[in-house]
Amino acid sequence: MSAFTRTELLITVISRLLRGCHHVAVGASSPIPGSGALLARSLSSGDMRVSVLGSRRNNFFTNGGVELFDLAAQGRIDAFFLGGGQIDGQGNINLVGVGGYPRGNVRWPGSFGSAYLYFLIPRVILFREEHTRRVMVPQVDFVSAPGTSDGVHRPGGPFAMVTGLGLFYFDRDRRRFRLASVHPRHTVEEIRDNTGFDFDYPAVVPETPGPDESILAKIRGPIRAEIAETYPRFAERLTQKP
Amino acid sequence: MSAFTRTELLITVISRLLRGCHHVAVGASSPIPGSGALLARSLSSGDMRVSVLGSRRNNFFTNGGVELFDLAAQGRIDAFFLGGGQIDGQGNINLVGVGGYPRGNVRWPGSFGSAYLYFLIPRVILFREEHTRRVMVPQVDFVSAPGTSDGVHRPGGPFAMVTGLGLFYFDRDRRRFRLASVHPRHTVEEIRDNTGFDFDYPAVVPETPGPDESILAKIRGPIRAEIAETYPRFAERLTQKP
Amino acid sequence: MTNGLFVPVNELSELVYDGAKLAVPKDSCGVAMEATRELVRRGVRDLHLVCVPIGGIQADILIGSGAVRTLETSGVTLGEFGGAPRFADAIREGKLAMRDATCPAVHAALQAAQKGIPFIPLRGLIGSDLMKHRSDWKVIDNPFAENDPIAVLPAIRPDVSLFHAPLADRFGNVFVGRERELMTMAHASRDTLVTVEETTDENLLDDDARAGAVLPAIYVSKIAVVKQGAWPLALGDIYPDDETTLARYAMLARTADGFRQFVEEWLSRDLVEA
Amino acid sequence: MTNGLFVPVNELSELVYDGAKLAVPKDSCGVAMEATRELVRRGVRDLHLVCVPIGGIQADILIGSGAVRTLETSGVTLGEFGGAPRFADAIREGKLAMRDATCPAVHAALQAAQKGIPFIPLRGLIGSDLMKHRSDWKVIDNPFAENDPIAVLPAIRPDVSLFHAPLADRFGNVFVGRERELMTMAHASRDTLVTVEETTDENLLDDDARAGAVLPAIYVSKIAVVKQGAWPLALGDIYPDDETTLARYAMLARTADGFRQFVEEWLSRDLVEA
């Protein structure tokens, strides 16, 4: 088995979640999702488009900042990434802050496009490397965007969650996460200890498979070179050996 | 007094109606209103803009066909021109057809932007050279756009009507036209005979003043040259002596 | 990604299927007349034709050919060549399901589809007889004011948009310049078919001057390269109206026989394909 | 027509009056930082700041300077330099009337003003706590469907839009390229103030390649020519972020004293005016 870094693993995991997508959009401050999307494209049969916010080469928008959102509502974006200062077991995400609103103890930047894109893009992948009880809470303090909705037009929503510890799928009917695999060197117990909500998992949880040599070569070669356009410092760190 | 053609008179009359406007827009198939607007601009103190649909030099739109309508709703167009296959005494106009709808005896092209611009542009000038009972009817067969409205947001509407026989103002409170002047070589009686609706007029109706030498020189010189870009055949006819 | 993107114009036209809701631009904006010829040759039927926002010779020919079941437009006219004779005739004969509109309503309803919203409010309209006959338009109370009725229009989502443009690159990006409604049409439509005068090997999005006026390839389903693809209509500053042909159409199309004669001549004319 | 159109940047900034609803673009789109410096120097107050759709160092500085009463934005962040410290501090101190938004809602509400419609519907939103706290947003039933609640947002009509662009011509036309939201902002606003890197004697509308991405002069109230007018932020491909200054701001602005120190240094820096 090849040696790989956690970042390389996460890129690989994300790329697998994008199989079959025709158009993957990547928002701001998202070097790992961006790399994962570029990797997925390089592994596709050539019919996947990737839009990377902040990129020039991988950004075809010509109608201003509204175009990403219009594309989503038109059904022309298959997958997108969201994070959250807090994420709860119902898939609700909070990008606003902790401890009361509007005057809380901690204020984060704001909801950005989440209160819209989470509703409209079929395959939203929650990506948050930090997997602690600070992030994975029983209930978010502020719902920037809800995980599920009743009686509202909602073709989109959470599909999976990738953290530094494992990969989860989201079951929209049961409104719960299900742990699909645990990353190498971590355990189900560690995940349970660091998660503030209940989630489902099978009797035997498999280990997340790492990238093979050919994938690693892609990540360290062409993907690194391509993501460097938007995230030069991240690309430098990608060269560090495990 | 100078000799002038009817076309030159109409251009002059229209230019007077545009005094004080900051932005005059001219729609399709409107050579006389377009010439009138260009004349008004040349007589202004330099703070009048004119947009001529179909012109290249006098068309600054860069947001497609919707921009004219958006500008109107933003309140950035002071004056515009509409016509009508039929016009009635309440200022209603019909650009659709005669004798039943949808299957009438006579079908005209359609309402174009009238059902919108008539509501939003403060100074709409109705221009129709043909002044007969065929056009000036007691009641239009189809209301492409009404002359007045109750209980509806309506900053715009009819301001004046210019025909081959005279100049009318529209009184929005009384919902009636008032004859302001009769063109040279025509009479109030002739206008009444050729109008299918009642209108107001003073005891003594003045004659529409014609263009003076300096105005005529402008029309036959720079205005003719400028309108030729959009209406070359019309500009050729403008050179014909009265 | 661009495999199969470029096709001959007859293949492109086949994607305008019978019964499609087809959006086309006004005369000065890049009308795909050569593709329209292929539609007439094939005998396309039952179109719901949406003119953005008015129709000209293209609409009149499609109507005269019996291709149009429903017509949604703010007007049909041959401009300086007069009224649209096949349109007027079809109206008199009751052959069209007519949806008379007003220009800004067509634009706004397409913008609603572009934004993926189900409807859009619009000023004006109330008190026009258009409202009486457009059962798909409604009046609601402005939720943010008292006593302020306002018209609401359902989004127009064309199945297909079809237009002609000066230039595409080999990746499928199309330069539309100031004809911004072409962008709106493509954003609003499920599929967009474009004929172009020529192609370039450069990526149009790499050209800072032009990039802001380029329709990105993601919206473009198929492209056919057709020189003089708007003939007999003008294409921007590239070529002017063929006034002789347009005047001949206006004259012949006054009668059904004359129209058939024009169409026969037109269909037998050689295609100028790149 | 262009008399008095071009003014020095301090005169331009005076048109952003106390209490104005001011719209500004996001960091990558052309932020008028030199004009912002003039606003801070003058001590502008009580702004209703609308970030289109998110704010960065400009918003943080205006907030830290006490210039902002109401803040309407989908986020404020210094991007890779971290959170916006004066914003977070003002929130903790309860100094801002906060209108948390989501990016497409800001865009849509501006587009509503651009179209002169009083409101616009938008998907999403329902079930977000944003709706709870935005008493100016409502939910209505889609008039064209059963059981389909949808959010409606009132139009945002800024008193003033302020941004920086690469190029204006002497007639007042401004090249905005792919930054189309600048066009929307200007269409939506009563007045638009633009700083530019440089001017040209050609009419930008005469250039077919660029014309489609030009904001016409009718929307432009005043223009000031300011080299490096977005500094320390980037302007497209023309110059990059001054990362040293941005990092220094992020560090100093963590405390009120540090912020004052940064602003003092910034205000005393020489203006690069053309």
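Of note:
Note that the chains take the letters A, B, C and D in the order they are written out, and that residue 1 is the start of every chain.
Note that in this section a contact is a pair of C-beta atoms (placed from the backbone, for glycine too) under 8 Å apart; a residue touches a chain by one contact, two chains touch by 3 or more.
Worth saying up front: this structure is predicted, and the values here are computed from it rather than measured.
Annotation of chain A and chain C: jointly contacted by D, touch as defined at the top. Placing every chain at the mean of its C-alpha atoms, the farthest one from chain A is found to be B.
Work out the mean CA point of chain B and of chain C, and you get 29 Å between them. With centres set at the average Cα position, the gap from chain C to chain D is 36 Å.
Averaging Cα coordinates per chain places chain B and chain D 40 Å apart. In this assembly, the C-alpha centroid of chain A lies 60 Å from the C-alpha centroid of chain B. The set of chain C residues touching two or more other chains comprises 108, 111, 115-117, 122-123, 148, 150, 178-180, 183, 211-213, 237.
Among the residues of chain A, those touching two or more other chains are numbered 61-63, 66, 73, 120. The set of touching chain pairs reads A-C, A-D, B-C, B-D, C-D, using the touch definition from the header. Listed in rising order, the residues of chain B touching chain D in the complex are 23, 46-47, 49, 60-63, 66, 70-76, 120. Note for the complex: chain D touches chain A at residues 26, 28-29, 52-54, 73-77, 79-80, 83-84, 87-88, 91-94, 96, 98, 100-105, 107-108, 111, 122-130, 133, 147-150, 178-184, 237.
Those residues of chain C lying in contact with chain A across their complex are 1, 3, 113-117, 173, 183, 187-188, 205, 211-219. The touching residues of chain B, counted against chain C in their complex, run 28-29, 54, 56, 61-67, 69, 73, 95-97, 101-120, 142-146, 149, 151-153, 233. On the side of chain D, the complex with chain C involves touching residues 108, 111, 115-123, 136, 138, 140, 142-145, 148, 150, 152, 154, 176-180, 207-213, 236-237.
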